[in-house]
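This is the structure, below, for whatever I ask next.
Residue numbering begins at 1 within each chain, and the chains themselves are lettered A, B, C and D in the order written.
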C-alpha cells in the first residue's frame, strides 16, 4: 500500500481509520528503515509479521516476481513447484555472481539486499559476541569443513610454494579432511596433557615450522571449540608465532561464537599476533539448519579475496535462515540465549560431577573448555571392554542425543593417516570417558532428562558387569567412530 | 493415524466412514511405498497433500522432532525461529556426515532417507533425459562452478603430478574460476569457426596434450550447454582422446539436462570414450532456486570418491527442493516441460529470424546449439558504438531478462588471464550479436513479449542512430561484462 | 518498502537495480489500486505473490498488528496460536460490528477493507454471471439454509401478521428447516409432472395465496438449482404473482450462480415481477470451503436491512476465501470454469444416456435442469428392492462421491411434516433413479471414472439380481435419507 | 508411514535408525490416541509439528483428498485456490449436515472427527473453567449474538405462545438485537445502583413475570461478563425464579469463561435453579479470530435440539481454530493464561486507582466485576462537555485500543427502543467514566503503556480545559456510540 492506495481506500473505509492503518504500517517500515540504514541486528526481535512483510518486499524486487517480466535467458528464477517457491519466499536467484559470492545481481535487487544485510547483521553479532575488531565477514552456504577448504584454496594463490598445514590435533574428521580436500599435507601436532586437559604444544609447533621452513607452510590451522578434555588452542601464542614467521593463521571456531571465552581468544590472538580468518558454523551457533558457515577476519580485503574465490552463484538458503533468526531474536534475544547456555553449562557440570561421584568416576577437570565436559568411565572400562561402547548404544536408543562415549585406544585411519586413540585427541589418553556439552538452545529439561537416563544406563551397565552378552543388539551408532561424527 | 487410532476414531464417527477414511490414507501410503521400494520418479506427479504428508513423515523420524529427546551434543538440530523450522519442514540436520556427503546420519533417519531418495530419483531422471548408462550421482548444495572444483580436487589425489586442465574456451567466468580455485592452470583451447558456429578444435586439444605430457594434465574440462554461436563441445572425439591418453574427462553440463542433444552427447562420449563425471546445475534444469548441482558419472566408485571428498555435512535445502519438484511434476510432467521447451525453441527461432530480417540482420546459423540463439547486430554496431551495449540496457529496464548483448572486441582479465573478445568465446568473432535462449519453463508469452519489446528497442536504436546521447542513463547492467554474468 | 526505504537500499545495492526493484513493486501496487478504485473482480487473475502481499498489507492496518498498540478492551484480536494467526493472515477482528455485518470497524481498517472489497467483487461476479441489475449483496458466514432463515427473520419485522411461507416442494432438508427455524409454517406446493420433469404448480400457488390471504403470507420461497427430475421453479410466473399480491419473494439459488440459466431466471423474474432477495452458497458456486453464502437483491436498502439484522460481528473466513479465490481466478478464470462446467454437462449427459441404454434404462428427459441429470433405475428396482439402495452403497465404497440413488416411496418426517416419496420432490414419482451432476470444477476424469465405476456396479447388481443378500454390509450412507444430505 | 513403509525404508537406511525413527513417530501417535480415546484437552500442549501431523491425518480421511475419488455431486469439496486449500489444511467439507450441525458426514470422516473432538475438548475446558456439571456443548460458527438468536428460535418451538424475553439491561447492541432478530419483544429490566455497582433488580424481574404471565415469556436472558460499573447478573436468584415459574433461562456468558467468578455463577445457578443454555464467544475467551461461539448446557437433549435447529452445514473454521489453540496450549497453558489474566486485573486495578487519585478522580468500587474496571471522569466532564468524548478519540489515535469512554446522558435508539444513558446500563448513572479491562492474553506491557498514555491524555485534557476547540479533528470513533461497539 502506497500513499495513493491508502487514498483510494478512503472511498471504502472512513479516512480516520485508514490513517490509523497507514500509521500502523509506518511502524513496520521504520524497523525496515533502521535495518537498511544501520545494517545492525535490531536490539529487540521483530515479530513474524514484520519479518514476513520484509521478505515479501525483498522478493518483489527480484525480476522473477515482476509481473511484466519476460525471460529469455538460461536462468530466469522460474520455479516449477509452488511448495518450493513459497518455502523460499519466492527469493529464487540465490546470492552472488560468477565473480564474487558477495556481489550484487542486477536481476535480483531483493536477493542482493538480503545477502548484503545478512552479512552486515552477522558481522554485528560477531562483534557483540566478543570479537570487536572484526572488519569483514560473509555467509557461505557450505558447512565449516568446506569453508575451511575454501580458505586454504585462497591461500594457495598467495603462497604457491606451500605444501603443509600445521595442525594441532583435534579428532574431528571434517577438520582433517578440509585440508586433504584442499590438497595439502596436514602436519599433526600432538597435544600435551596438563592435568586432565589436552593443550596446544606451542614448542612443537614452532619447532616444526623451523624444521619445514616457513615458506613451505600454507598456514597454521588452529581450533577453539572442541570436545573435552581437549581445550581451545592457545591462540595468542599461536598468533604471535604466525606473526613472527609471517605464516597465515586460520582458526576453526566451529561452535565458538556461543562462548565468550572462544571469542575472547580470537580477539586476543588478533590483537597480539596474526589471525587471517576464523570460520564458524551457522547451525551450531545460530540454531538454524545445517549447511552454512561464516568466514570472518580482520583484513577486509583478504576476506573479500576468499569470497571472490567461490566460483559462481550460491544458495541463499543459509543466509535467509540466519537473517530470519537474528531478526526474530534481536540482539537481546541472542544475548539471552548465550546467557542461558552459560548457566546450563554450570548446571550440567555440577549434575555430572555429582553423578560421577556416585559411580566412583570423576568429572574431568577441564576449566579451559567452556562448552564440553567429560566424565571418566574408568570402572566401566576396566570391568568390561564392550560396556563403554555399549553405553553409547544404550543412550542412543533411549533418545539421548549428542552424548559421546570415548573408549581408550581406538585406532582410525582417515585418508591414509593413522590416528591412535582416535576420538580422544591423543595417542593415549589415560581413561575412557563420556562427553556431554551445553550448547546454545539447551534447556534445563535436557540436562535433567540426560542425567536421569545416564544414571539408569550406568546402573544397568554395572549390573550386567561381567555377564556375557549373548544378544548384542548394538546398532552402528554406538561404536567409537560413529559417535565421533556427531 | 495407525490402526489403533483408526479404531479409536470409530467411537466418534461411524465405522464405515472411518474405514473409508483409512482407505483414503492407504492411497497416499501406496505412493510412498512405491517410491521407497523403487527409488524412481513416479510417472504421475504427486499432489501437494501427499508431498507434505511425506515430508512430515520424514521429519518426525529425525531426533530433533522426537517428543522425548534430550540433547547434550554440540549440534542438536534446535531451531530458534519457527519461520525457519517450518520452511524446512523441520528437517534440520542437513545431509551427510563428516565422512561422506552421501552417508546416513544416526540422529536423522528421515533426513537420511530424504538424501538417499533424492539421489535415487535424480538418477532416474538423468537416465530418462538421455544418459541411460549413468550409474551413480549425488546432489551437492553448491552451484556448478564449485562442484566442478570439487571434482578437480578429487582428481588431484589420483594424479598428484598434474598441473594443467585442458579447456576448450567458453566465456563464462565461473567455469574458468572453478579450475583456478582448485589450484590448477587452465590451458585454453581456442574454438574454430565453422560457418557461424564456434566448435571444439580437436586437433589443438590433442596437440596440447602431446606438448604438455598426459601425466601433467589433470583432465579435459569440456562443456555442453553454452551461448550461441558457440555450440556444445565435440564430446565423442574428446572422450576418445581422453581414453587414448588415459586422461580424466569432466563435462560441464550446466543446463544440458533439459536438452536431449546435450544428454545424447554425454551418452555417446561415455560409450565410445571416457567421461569421468558430468556436472549439472539444479536450478537451470529443474526450476528450483539457485545453489545446487548434480555430480554424476559412469563409474560408481569414482562418484563416491567425490562425495567423500566433501568435508562434513551439508545443506539439505537443494535436495529437498529438487525432490519436491520432481515428485510434484512426476516423470510425465518433466517430460512435458522438456517437450514444451523444444517447441518454444523453434518458435523463438522463427520469430527471431523474422525480426532479424526486418532490421537487415540475420539469425546466426547454429544448428548444433539446441538452447541458445544469436541474432547479429551488425548495423547497430557499425553505425554507433554505444548502441550495442545500450540495447542491453534498454532491454533490462523494459523487464526483458536474460537477453545478452555481445559487442565485438571486449577485453577482460579474469584471475590474471586476459581474454580477447570476451563473452563471444572467440578472439575475434565476426560480428556483434544478441543472445536469447529457450530454457526450461519458458512460456509462449515470454517469447511474444520479448520479440515485441526487442522490436521496439531496435526501432528506437535505429532512430537515435547517429544522434549524440546527452543523458546516458545506462545502468551498470548494460556493459558487456554485466550481461555475461547472466 | 516506501520511498525512503528504497532510498536507503541504494547504499547497499546499485541505485539502478533498486529502481528496477521499486518498479517491480509498482506493478503489484497498480493491481491493488485498480481493485480499490473499481471494486471489481480483475479480468486476469492475480498470482499468489500479489494476493499474499495484499493480505499482508491489509493485516498491518488492523490494530492487533500495530507494533505500538496496547489493548485494554475485552476483544483485542489477540491470538494464542501462531498456526491460527498465520492461517488467517493475522486478520483477526472478523467483519462487521454489532450494528451491521457490513459495517466498518474502527479498530480494524484492514479487515473492514477486506469486507467491503469482497462484497464489491462478489457483486461484480453476480452481474457477470447473469443478474446484471443486482444492486447490493453481502457475504455472510453462514451456509445457505441459515442465510435464508435470516431473510425470513428480517421479513417478519415488515410483515408482523404473517405466519406462512409458500414453498414449491424441493426435497432438501435444510431448505425446509430454514423456514421452521425462523418460526414459520411452510405451505408445501406439490410439483406437477410434465414429461419426466417436475415443475412448479403455478396455479396451486396462486390458489393457496388466495386461500390464506396475502397478508398472512411472509413470502414465496422458490428454488432454482435442484436435483433432476425436478427443474428450477418458474421464477417469472412466481415473481409476477408476488408483485400482484404484494408478497415478498425469496429465491434459494443455492448452486445456481454457476448456471447461466438459473441466473437468467432470476434476472427475468426481477424484470417482470418481484424478487426481494436471492441466496447462494459460496462453496457450491466458488469452490471454497463450506460455510458462507451471498445474500443479494435488487433493492439495496432491503439487503442492508438484512445485513443489519445479523446481531454482532462475524467470521471473516468465508469472505477471505472467496476474495482470494476470485482474485486468483480473475473474471476470465471464473468464466472459463463456467464454460468447462457446461461442456462437462453435455459430456456427462451423453455418456449417461449411452450407459442407460446398455442397461435398458433411460436418461430422464429434463431439459430445464442445467446441472443435474437423472437416469432411471427401473429394472434394478423391479427385480430387487434392496438393490437400489445397495447401488448407492457400492458407489460410495468405490469412492464415487455425490451420486445419489433415489428409491421409490421413501417416507420421511422432518420437523413433524411427513413427506411421501422423499428425495424425489414428489409423492409418487414413476420410477427410481440415480442422480449425477456436472458442478463447477468437475473434470473430464471425474465423468470418465464415474461412468466406468457405475457400469461395473450396475453389472454386479444385475448379476446378483435375485440372489439373497446374506451379508448386507451396507453402510448408513446408502440409505435414501443419507444420500439426500449430499 | 505405516509398518510396510518403515520396512521398505530399511533398504535405504540402517534398520536401527529406521526403528529409532518409527519410535519417534510412535510418540506423536500416542498423543493422538489419547485425544481420540479420552476426548479431553491434553494437560500439556502439543507442539506445532504434532498438531500439523494430526490435521494432515484428518484431511486425508475426507473424500476430497482421496486420490481415487470421482465426484458427480453438487458439493464435492473442490477448491479453486491453493492458498485457500492450504489455509484450511484441505479440510473443506465444513461441519454438520442438513439435519444437525453436530452430525457426522459420510463424505468427510476427517472433518467429522474434527467436529466431534472440538466439541469434546471444549466441553472439557468448560468444566475445567468452573462449570463442572455441564453435560453438552457445541461450537457454532456464529458470534455470540447470532448464537443467542438460535437459542431463542429453538425455544419458540417449545413455547409457541411466548412473545417476551425478560432482559436485565446491558448496553451492548448485539445482545439486544439477538432478541429482536429472533422476533421477540425484549422486556428491559433496569438495574439498581448499589454503591457504585449496577446490579440485577430481582424484584422487578419477578414482578414483570407476574404481570406478563409466565407462559407469555420465552425466557429470561441474563448476562455475566459486562462493562463496569455493571456487574454480572444475580444468576442464582434468577435461576431460582426461572425454576419456580418454569421459564427457560439463557445466559449470555460472552467473555465469562476466562473468569472463575462468572463460571461459578453459572455453576451455582444451575445447581440451585434453572439454566437452559449459556453462550460464550470463542474469540473473547480463547484468543482466536472473531466468528464462533459455544452453546452449552446442562440438559444434553436441549443442547442437541439447538444444534438440530441450525439448518444445513456450517463453516469448520472456528472449530478448527479453537481446537488448534487448545491443543497447542494444553489444559495447563490455558490455566496459566487464566492465572495471568487475574494477576493483570489486580495490577491494572491498582495502577488505575493510583492514576485516578492523581487527577482527583476515583476508581469506581465494583468488586463483583472480575474483568472490567471503571474510573470516574467527573472533573473532565464538569469542566468541558466535549472533553469526555475527546479523550476517547485521543486514546484511539495513540493506539490505545479497547478503552471505552462513557459520557453521561447519551440517548440512543436501537430498533425503535430508546435507551437513556446508553452505554452506562442505566438511565442516569451518577458520573461519566472510562472503562478498561483485563482480558485473557493481556500483558504487563499493555497495562504499563495504557497507564502512561492515559496519564498523558488526561494531562493534555486538563490543560486544554476551558479552551475553545477550533479544529475538532475527532474521528467517528470517539463518539459514545462508537466506543460502545467494542
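Observations
Definition applied: a contact is a pair of C-beta atoms (placed from the backbone, for glycine too) under 8 Å apart; a residue touches a chain by one contact, two chains touch by 3 or more.
Heads up on the chains, UniProt names are A, B, C, D = O-phosphoseryl-tRNA(Sec) selenium transferase.
Computed from a predicted structure; not experimentally measured.
Between B-C and C-D, more C-beta contact pairs are found at C-D. The copies chain A and chain D differ by a rotation of 180 degrees on their C-alpha atoms, rounded to the nearest 5. One inter-chain figure worth recording: chain B and chain C are separated by 48 Å, centre to centre, where each centre is the mean of the chain's CA atoms.
Separation between the centroids of chain A and chain C, computed from CA atoms only, is 56 Å. Computed from the mean C-alpha positions, the centre of chain C lies at a distance of 29 Å from the centre of chain D. Those residues of chain C in touch with two or more other chains are numbered 14, 16-17, 20, 23-24, 48, 52, 63, 66, 68-69, 82, 105-106, 396, 399, 475-477. Within the complex formed with chain A, the chain B residues making contact are 48, 51-52, 63, 66, 68-84, 87-89, 91-95, 97-99, 106-107, 141-146, 148-150, 153, 156-157, 172-175, 177-178, 180-183, 225, 227, 254-255, 281, 283-284, 286-292, 309-318, 321, 324-325, 328-329, 333, 337, 348, 371-372, 396, 399-404, 436-442, 445-447, 449-450, 453, 475-477, 482, 484-486. Residues 1-2, 4-5, 8-9, 11-14, 16-18, 20-25, 27-29, 31-33, 36-37, 39, 47-50, 52-53, 56-57, 59-63, 65-69, 82, 85-86, 90, 104-106, 109-110, 112-113, 116-117, 120 of chain C are the ones touching chain A in the complex.
The touching residues of chain A, counted against chain D in their complex, run 14, 16-17, 20, 23-24, 82, 396-397, 399, 475-477.
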